[in-house]
Amino acid sequence: MITQLLLKDAAVRRGGRLLFEGVSLNLAAGEACALTGPNGSGKTSLLRAVAGLVRLEAGTIGFGDLDPADARGEGLHLVGHADGLKSARTAREELNFWSRWTGGAQASIQEAAEALDLVSLLDLEVRRLSAGQRRRLALARMLAAPRPLWLLDEPLSPLDAKWREGFSALMKRHLDGGGLILAAVHDPLPVATRSLELRQ
Amino acid sequence: MITQLLLKDAAVRRGGRLLFEGVSLNLAAGEACALTGPNGSGKTSLLRAVAGLVRLEAGTIGFGDLDPADARGEGLHLVGHADGLKSARTAREELNFWSRWTGGAQASIQEAAEALDLVSLLDLEVRRLSAGQRRRLALARMLAAPRPLWLLDEPLSPLDAKWREGFSALMKRHLDGGGLILAAVHDPLPVATRSLELRQ
Amino acid sequence: MSRLSALIARETTLAWGRGGGPLVALGFYAGVATFLPLAIGPQHDRLAGIATGAAWVALTLASLLSLERMFERDYEDGALDLLLLSPVPLELTCAVKCLGQWLATGAPLAFAAPIAAIGLGADPGLSPLIFLCALLGGLAFAFIGGIGAALSLGARRGGLLTAVIVLPLFVPPVIFGGGALANFAGGLPWTGGIAFLGAYAAAAVAFGPLAMAAACRNALS
Amino acid sequence: MSRLSALIARETTLAWGRGGGPLVALGFYAGVATFLPLAIGPQHDRLAGIATGAAWVALTLASLLSLERMFERDYEDGALDLLLLSPVPLELTCAVKCLGQWLATGAPLAFAAPIAAIGLGADPGLSPLIFLCALLGGLAFAFIGGIGAALSLGARRGGLLTAVIVLPLFVPPVIFGGGALANFAGGLPWTGGIAFLGAYAAAAVAFGPLAMAAACRNALS
Amino acid sequence: MSWAPAFLSNPDRFMAFSRWAAPMFGLIALGLAVVGLYLGFTAPEDYQQGQTVRIMFIHVPAAQMSMFAYACLGVASFLSLIFRHTLADCAAQAAAPLGAAFTFLALVTGSLWGRPMWGTWWEWDGRLTSVLVMFLLYIAYMALRASMDDEVKAARAAAILALVGSINLPIIHFSVEWWNSIHQGSSIFRKDGPSMPAVFWVPLLLMALAYMSAFGSLWLVRIRGEVWRRKAEIAAQRAARD
């Protein structure tokens, strides 16, 4: 169970250019960090580095005293722009598969669909969903399989006002339950308790 | 040359459900309309209907006294979530192709890339671009081949503060030159002179 | 015109990847030509006969392998919408896509076919005819393949479904071309087969785009 | 376990679609079996030989046609990232993907192979062996195909290149299996060929996932 | 038949018509088949073919019906594509499996007949192969329909395929002239009259009519079933929405 995310002097290089260096962060359970910075400054790359998908050029990433591989395998969710949903499959198939893949139980899948008001959309093909509905489907996977650390890439942008509030409430609940959130955003993140800015 | 967009009592049906009906709008040259409404209310569908990609259930769409097919073929740009960019090709290849497809000249392609500060990114594969850079590439196609009517689906969302301003300035310039903009947004559209709300 | 030439350049590079095109086509041909006699059984060791067969199989395979890139990718990433939004009629767009496809795979394979056939011991006198058959056959395959690719847009089945649609329609060119080659080799009149092959290819080029455009519009609507 | 069974269900439905699957598999097999003898030339009318050849070609084709869906789609839409983010080692994930692929295409085609072979006039006594060869061969094809698909991730190369990578590796199973069938038909000892085929398939199953996982990690990093 | 689409395009009128027409065609088919088979099996042996000539009474009408069914499929598809008429689409969907069955029958009986006549079950010649291609097209049609969720789109895509595939019909018919096929050419419908004695062509004609009525009956039954299924589905959707 991840209770801390510790970045120490992290640096990431893409295509020969150092995107950022010397980035440090200490995020404890119950805290949310808004990751900001101009386009191309490396927010997405940093999230992917935390998830272990991008190699650090320097520095370390720690999850309390857990082994990083274990912590990542069971402890975090990543929701990015590329949401991994197959447009030709139905919302139900995709939600079921990803929830089971991340270890969710059948009952919590149902709950997640209800929490994000997806029940009536589950039989539609993903390609038919509107942008906001599709983002809700991507987010629902996180609720279906509870994991402490959420890595979110601009989670609120395609959501309407009602759902920005709705998902903020869900993030709040997650934090209250001891979760951690690191979210790349361009607009303010309502639940943020800390912030980290990447400069170009 | 489109100088007017006229929607009369438009209605769109998707999958047996009437998304909206009785939507009317009269947009003149130099005006921008912010299209708002909750997720799934039909903003994207309306934009696609104006572009002729979705059939109206009732009502009409007119472009002044132009023939709709001609007006659409030469007179409008659509930038949606699915941006039509191939992630395995370079930004240059994609920009060149789409600009030539929409009738842009070589010089204006270069100008568009400069206006959106893409010059240094042109040799990257599209998949390497950050979300904001990719959106800028999608928008650059519009500048490369001037057309009066811009249909934009949440154009500003992945852009950072600087580029929200920058692209707003470009929209302003487009309007000043007699252009029309219909943009689906969840956040305020800086250049909007009118607004249209879809209700669920 | 600039539009269409841009599109054809895009389609060929998409089908082909950057650089190394002819080399890949040749390697592919060699792979098929090696693989086929083994699969069919070494007892059929009349390599000269296999030579023309390998050309057909390579053409078919190349066509089938590129079908998915022809419409489905563009459909999924939104490019098909933008291709539609143009004064160019969708029929013409589809035709140009098929043409690009053919330039990228069919045509290089047609050039490779007679060379490979001679290498495998076919009568060199046959090679112009083999080339012609492969060229026309590849053209027909590209346009018919496009129909299959467009029809299975939005179907929840993989490439197998497209193959099921397309393979039966690939049969007539093979019969026509094979008949012409056999007759030529046997000193019989062979122009009839080529004429039928040409007519089939012409029909595919003429009517295929109508079907493709209708299928694309159907999928997008 | 729930994870892996979910993954295998996903992979088979992605490769196969839901319901009505056998129709596509059968139609595909029938298409290949019709097309092949025509392409190879009707003079090779030893249908019994063609019958097993059709099985190999159908398996190869099905494998090649599904390669692009195996990793590339998941790579492009971000699903591969999420598959990686799991306690399941990537090697196992890759193996399960190949297995799903085989269940969706190789296995149904293996069932169709002896039926079609008998229909085409092969000795019915051969059919268990044909089935076995197709089953093992399909397994090897799925795992080797996966390597090719993973290797060409992110490279801007069409399906032809993947085929060029993969085809030579498809050759040994065909030789082993073909040899076993020929020997069996001729009353010679045939278990050796099957043993080699099995060994090759086992090696593909054992080492293929290592190569695939390495290639995927390389593409993603 | 040109009046039929106009007259039957109204679903209610179609249902009223087919209610009695379907069983009637069935009875006619049965009667004709009994007489035709009796005459066919009491006809004298052919001096060349012996007993095997009797396969003709099964094979030839089956082969003709397989093509006729495809023509029906094509016409129905055309109507559904142009006029977006659901009844035409029901008709197309209903015709496909029937056509596939007739084609299968033609292939099997032809193959059985080919063994004694040509000394081979199968030959890759133009006629035989193009019939096989038609069979594959039927399968492709059904597979395409089955693999799309959206019924309207599936219907249109399948209709396009059916029309594209109709290019195969003239190929089948003229294949015996275009290639020196082992299959014989037309022997009944010729300008100079049938080239076989009446003891053969009369039962053949009866059997052809019997097949035709059977096809008509089965087709109507299947269209009715399809109409019912769609009505039920719409009702279920409506119930689910309220």
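By written order: A, B, C, D and E. Residues from 1 in each chain.
Everything below uses one rule, namely that contacts are C-beta pairs under 8 Å (C-beta built on N, C-alpha and C of every residue); 3 or more make two chains touch, one makes a residue touch a chain.
Because the structure is a prediction, the values reported are computed rather than measured.
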Steps needed, at minimum, to go from chain A to chain C via contacts: 1
Interface composition of copies chain C and chain D: same or different, split at half: same
Farthest chain (mean CA position) relative to chain B: E
Chain A and chain E: spacing of chain centres that average the CA atoms, whole Å: 58
Cα-centroid distance, chain A relative to chain B, in whole angstrom: 29
Intercentroid distance (Cα basis), chain D paired with chain C, Å: 23
Length of the line joining the C-alpha centres of chain B and chain C, rounded to whole Å: 37
Numbers and ranges of chain E residues touching at least 2 other chains: 129, 133, 136, 139-140, 143, 147, 149
Two or more partner chains touched - positions in chain B: 81, 89
Where chain D touches two or more other chains, by residue: 13-14, 17, 24, 27, 31, 34, 38, 42, 76, 156
List of chain A residues in touch with chain C within their complex: 87-89, 127
Touching residues (chain side chain B, partner chain A) in the complex: 14-15, 37-40, 43-44, 81, 124, 128-133, 136, 153-154, 157-164, 186-187
For the chain A and chain D complex, residues of the former touching the latter: 48, 51-55, 70, 72-74, 76, 78, 80-86, 89, 93, 96-98, 100-103
Complex contact set, residues of chain D against chain A: 2-3, 6-7, 9-10, 13-14, 73-74, 76-88, 220-221
Contacting residues of chain E [partner chain C, same complex]: 81, 126, 129-130, 133-134, 136-137, 139-140, 143-144, 147-150, 153, 156-157, 160-161, 163-165, 167-168, 171, 178-179
